[in-house]
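My structure is below; once you've seen it, I'll send some questions.
Chain naming follows the written order as A, B and C, and within any one chain the residues start at number 1.
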């Protein structure tokens, strides 16, 4: 059985980190599927998905990590060609990945208590984002 | 058809890298599923999953890479707030990812000969870990 | 319903980035599956998969990022042990990941217009690669 839903949300960009666990759990609760996988996918090339303990200290640590790995203030070929100034956003997203698969069993996601599903929006401006949440199972 | 199993293991933390391919293959062999995907998921926010050639040289190279990408000995907001000293563990895990999907066909995982499924435990102490292994297919 | 196919391709190695979206879309079009997930998996330990906007500026930016994260010209334990000079290729692949899951609905992948599925071949020589494309759904 497959249920495909969309989550729409507005982000601030600039490595905005948003907890989307409630929306994913809501879709799961609404489905008639007991066990299987949830695939979350963000359309676009400047955002990604992962799981973290969602607390302010880590949110700031993660932003600093991304600034070290793919700095905002170095030259990018993408920016030279297109002038939109978000080369760093693209390469960060390519490393984090647009897709996340979380298994569930008896309606419960395999997440730990301090483990949330988050969207990281690396773009250099506020964005409206579409996420696909697809639940597959039986 | 879906089969959900748990792997329990003890790690040493500190970027301990553990080959879990035998356990995953065992669960696949025990199932009645011929082709599909195996999703492995680690509960918790300080460990991750990937595939590597499991040999001592690379195990040491991977530990050094993580020390460069997210050093143990720089200040973290998480540590200032919670004092548990594992800020680096959390941000490493957020980058690697808690989820891995491996397809299989006729009971054989798509892994190469020198490609093993590994858990990386980034925490700063030994941990008991629960991994979900979910096999979905027909 | 499950359809398992193989994509074979030749790469140049050295962080060669290849757009495989047309091949994945072709397999999806040929299948009788309307909605579900496509899992792409690269066999081997020196390549990985992600999604990017496939344009020359970013291709060069991504190569530079990987040279910063896991430089070619530093010593690796893997190279000391095996002498094949591709320690950096292995650790890059362990970070990017060999697996990518993309949901689709009514025969359309959840990709954006400027978001392509790419293989990154990090090896230090040209390679023949086998990718598994597995389509699961209903």
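We take it that contacts are C-beta pairs under 8 Å (C-beta built on N, C-alpha and C of every residue); 3 or more make two chains touch, one makes a residue touch a chain.
These numbers come from a predicted model, not from an experiment.
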Which word fits how the chains touch one another: line, ring, star, complete or other? complete
Using only Cα atoms, superpose chain A on chain B and state the rotation angle in degrees, rounded to the nearest 5. 120
Residue numbers at the chain A-chain C contact, same meaning over half shared and different meaning under half, come out as different
Centre-to-centre distance between chain C and chain A (centres being mean Cα positions), rounded to whole Å: 20
What are the residue numbers in chain B that touch two or more other chains? 69, 95, 97, 101, 136
Residue ranges of chain A touching chain B (in the complex, touch as defined): 35-37, 50-53, 55-62, 65, 68-69, 95-97, 100-103, 105, 110-112, 114-115, 136-138
For a test of understanding, state which residues of chain C touch chain B in their complex under the given definition. 1-2, 4, 39, 41, 43-45, 69-70, 76-82, 87, 90-91, 93-95, 97-99, 101, 132, 134, 136
